[in-house]
Amino acid sequence: MTDATLRSLPTAAPTSAAPPRRDIGLKRRYGAERRFKAYGIAAVGTGLFFLCWLLYTVISQGYTAFWQTEIRLPITFAANIVDPRGTGNPDMATLQRANYPKLAQDAIVAKLGIDPADRGAARDAAALVSANVRAELRDVVASDLTLIGKTQEVWILANSVVDSGVKGQFDLSVEESRRPLNDRQLGYIQQLEQDGALEQRFNWGLFTFGNSSRAEAAGLGVALIGSAWMMLIVLVVSLPIGVAASIYLEEFAPKNKFTDFIEVNINNLAAVPSIVYGLLGLAVFINYMSLPRSSALVGGLVLSLMTLPTIIIATRAALKAVPPSIRAAALGLGASKNQMVFHHVLPLAMPGILTGTIIGLAHALGETAPLLLIGMVAFVADYPATPLDASTALPVQIYMWANEAERAFVERSSGAIIVLLIFLALMNFFAIILRRRFERRW
Amino acid sequence: MSTSAIILAVLAIAIAAYALARRKAAGIAAAETGKLHSMPSYHGAYGLFWAALPALLALCAWLILSPILATQDMRSLYPDDLGPQLSAFPGVADDMTRAIAEGIRRMPDAVRATVHQMPIAELSPLLAGLGVPVASAAQDWMIPAALQRIAFDDWSRLAMTIVVIGLALAGAAFALSRIRLRLTARNRVEAVIRSFLVLASTIAVLTTAGIVFSMLFEAMEFFHMVPITDFLFGTVWDPRFAAAGTNASGQFGLVPLLAGTLYIAFVAMLVAVPIGLFAAVYMAEYANNRVRSVVKPLLEVLAGIPTIVYGFFALITVGPFLRDISADINGLLTGTYGSFIQAQSILTAGLVMGIMLIPFVSSLSDDIITAVPRSLRDGSLGLGATRSETVKRVILPAALPGIVSALLLTMSRAIGETMIVVLAAGIAANITINPFEAMTTVTVKIVSQLTGDLDFTSPQSLVAFALGLTLFAITLILNVVALYIVRKYREQYD
Amino acid sequence: MMENVSFASTGAHARPVDLPVKMHGRKVEVFYGQKQALHGVDLEIPERQVTALIGPSGCGKSTFLRCLNRMNDTVEGARVVGDITLDGEDIYNKNIDVVELRARVGMVFQKPNPFPKSIFENVAYGPKIHGLAKNKAHLREIVETSLKRAGLFEEVKDRLDEPGTGLSGGQQQRLCIARAIAVSPEVILMDEPCSALDPIATATVEELIDELKQNYTIVIVTHSMQQAARVSQRTAMFHLGRIVEVGPTEKMFSNPDDKRTQDYITGRFG
């Protein structure tokens, strides 16, 4: 400090009297501060509240979907019904046509001790059994022809209405005519439960059945296989292409207008609405290339294009994180640029690339909109054997069930959402583990 | 040979070429003085590429060109007048002839020899028996054309097999003959690999081009049938499916859809922006590490939930909840229990979409706020400003461009969102300012026009592409502006 | 063809011995975009000697070093004019394969940069990509010899499978030198190899450099005068992208011709 500034300072205030404290509005300002902070906490709280509400809705509506009411009945595979021509070795066509609901009706009527002549009571009792009993009993016979003419205890699906009733999803206090189960049926259900012939068992069918218009026989089997095919296609198509593109852009590309254009392009593609990819798939893959509609192949290709920008962005970030000294070391030893990339940079970037890929895959797994446009909203009951067969996908199945009015389908779609969320959670968990495990700080 | 057999043969030749070239290079290195320019394995790869690439390229070209040439060749046998039904659609005649050819291929040889004498009426049931149904519009003259087609395809396949395998062998032989001590095999192999990399990076550009052109072409088709001004400025959306032959094709007014899209997006932003922004500020400026490490991932869970789940949530829970609560409020106020919020409404869709966008806003804003240099923050706090004053007066203004671009990206997300509005917004194309009523959006209509049976010649289907183009254009502009701002903003602190 | 470099090129303290020239740069100019980093540099590098490049930071010494094995090719927008020969052959000639060149002219960097692989893999990488080893046993022999020459073998012989990044700074740098030696280069370029090391590690590396000149031609960039004096036989002083003086190290430090050299070695600028 020079003398000049010293001299220009105001004469010091008398030290005896402390300077009066200025009013700088502290009280008001601290009030504002508290309010501001409260807004922040409220915002975070609201976000978390919504998360809890959503998860609560899904789980409370859906956890029951993993159990399914079944009825154990001693079915007599009467030869005159199953094998009317009495060959002892009926072919598949004969087995297909047999009147299995009759077998089930006879069995339940006998079990409940109803007078077979009482048509109304017999009909009420038969209605407790799922209409899917036709397929169930057919499969039982077809797998063991010696059963013909014999009696066998079989667990068969209860009707979805019975299922909902047993799970307590109906208000039983309303007037009898306005509820799907009448008092007589409720009595039968109680009777069966006491016999131990009606109980809730783990719902394997949810994972193995194809779609069905009957809630109790509708499952995610086709959707799971379709989604698995698509994830495989996304992985096989977009991982190599995405990694190759990133390597070029990050390691080889000169800085020029063209690479700049590609960059802008990729960033934009990452933000294009997913439904637009569906339009692309419809116009290019289905209309122009005539690939089969509703197939996992087209779905997989559309999702691949959609996932590509995510993978490219993640891969480029991972490549960027590899320090330049590693590159210099490799080049200094006389490694070619390709060798430098493939021997050193790429392996070091791999955890980051895989993390990005898994997150991209998880995103693709939950994507619905583009799949609606390429015809995956199809009623598919048979497993797709190849990616060219008609199939559906997990989120699309949720969409289709969500549009059904029946209470049992709400439960199914919530259950399907739980399955989807578990898959997503596992994938993200795996990605986090991968990142933690292999993350390298330079 | 079938295509897959040819591919396998080429791959086998290529692998053999790899082994031979590698061995030859190693042999040369051992026999001659001097050092190989490239490692023997690169010589192997050199042989492999020469054997496989030209052959596979030729195969691709052949597979694309051959059907086109075959169709032309087949058409030379068509009569001048195809008949009333087919003359307008020669493509349909091609398809039918091709189907007949396919059926004839499946016949046993004895039957096949007699085919050329049959009339189509006799042939059709035979083909149907072989699993190839032939449309009733099939004509007699299609049979010789189909036979011609079979002959052409057989010839073409034979020629393709010879050419492709020949090329593979020639390529392998050429590569082997070139191998010597100073052959720059590595450089050549790497150049090929690099061109693969370039090719991969252009896929992104091709995708964009694919999106733009596919939608442009189909939309042009649509604008041939419906004037573009009617589409852009029409206020009525009523795409009734006209009876065949009539020209009444309904009205395709974009305005009600666009209004619904923007309204719902606006409501969503009203929910998401304050919550997201305050959450981000709280997390960046107030929360301690422990709170942050718990809350941040939890909020990000919201972002990881698929939109179909939000749609379901809106449909099953939020919609009925709002409807019932509005009935209660109405009952308290007026005594009549009528709900004034419909289960499917702008409010429902907007609210749920807003919830979905909270983590999007908060994580974008968080990145931007934490990117504001510490020195600015310290400068303000050092002057005695409170935290909230620092945030309001220093950090937010400094982060403003970034936040604006984050909001634009969020807006683009909201406009392009599909599943929530499909399930929660309704399908009635109203124009209303009452947020408790249903309104529909562009994305909802794209889905509803394209699910079910498709007819790529009707305006009812094609309008979806015009809508898609509109959607793409709007989101593209928002994204480009946002990315531009982000770039500028990054440079500011770099 | 063989050139000889006279150690009496500048100044009066001539030496009778002439050494063969390993590398020779003539009128080397380097541009980074618009900026010119080197202006017409001429320098001869004698075989099996240590040549030190000294000068204040930003003087172009590292730039020149990186020209000698074309590491500047990896810098976007860098352009090299003039010619540099290795055994009389122009290394910027179109027919020269840059990979082959770098196998002959190896490089050790300022900061030790071992690959995040095992010690063995670090050293074995070069011989592997260049196909120098006939078999596994031979590869092992190369790795051991290189580690021995770099004076590291005794310290790491029991843990060759442990990651190279786990070594101390000085050990890492010697590992990098071993890695460079394993390729059997003719020239080793060292870009301030000791700047990230403590004094004890520096002393070890300096001893190593002194031994290595029996077999290799070494060019070392250093900002430490003492180091240049300790390890090199010949020194070139760079200033503002030009060589202001070049000659035997002894003479440079005892009796420099150029005023700027004098100022620099006595610490007036730098």
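Order of writing sets the labels: A, B and C. Residues in every chain begin at 1.
The rule is short, and it goes like this: a residue touches a chain if its C-beta (ideal position, glycine included) is under 8 Å from a C-beta of that chain, and two chains touch if they have at least 3 such contacts.
Since the structure is predicted, the reported quantities are computational estimates derived from the model, not experimental observations.
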{"item": "Which of B-C and A-C has more C-beta contact pairs", "value": "A-C"}
{"item": "Chain nearest the global centroid, as defined over all protein CA atoms shown", "value": "B"}
{"item": "Taking each chain's C-alpha mean as its centre, the one farthest from subunit A", "value": "C"}
{"item": "Gap in Å, rounded to a whole number, between the CA centres of subunit B and subunit A", "value": "20"}
{"item": "Distance from subunit C to subunit A - Cα centre to Cα centre, in angstrom", "value": "59"}
{"item": "Centroid spacing, where centroids are CA-atom means, of subunit B and subunit C in whole angstrom", "value": "53"}
{"item": "Of all residues in subunit B, the ones touching two or more other chains", "value": "186-187"}
{"item": "Where subunit A touches two or more other chains, by residue", "value": "336"}
{"item": "Residues of subunit C engaged with two or more neighbouring chains", "value": "99-100, 129-130"}
{"item": "Partner subunit A, residues of subunit C touching it in the complex", "value": "69, 71, 74, 76, 99-104, 106-109, 111, 113-116, 125-126, 129-130, 176, 179-180, 183"}
{"item": "Touching residues on subunit A, where the partner in the complex is subunit B", "value": "24, 29-30, 32-33, 36-37, 39-44, 46-48, 50-51, 53-54, 57-58, 61, 240-242, 244-249, 252-253, 261-262, 264-269, 271-280, 282-284, 287-288, 305, 308-309, 312, 336-338, 362, 365-369, 372-373, 375, 377, 395, 398-399, 402-403, 410, 413-414, 417, 420-421, 424, 428"}
{"item": "Subunit A - residues contacting subunit C, complex", "value": "254-255, 323, 325-336, 339, 343-344, 348, 440"}
{"item": "Complex contacts: residues of subunit B adjacent to subunit C", "value": "36-37, 39-40, 184, 186-187"}
{"item": "Of subunit B, residues touching subunit A in the complex", "value": "186-187, 190, 193-194, 196-205, 207-208, 210-211, 214-215, 217-218, 274-279, 281-283, 285-287, 295, 298-299, 301-302, 304-313, 315-317, 355, 358-359, 362, 384, 386-389, 391-392, 409, 412-413, 415-419, 422-423, 443, 446-447, 450-451, 454, 456, 464-465, 468, 471-472, 475-476, 479-480, 483"}
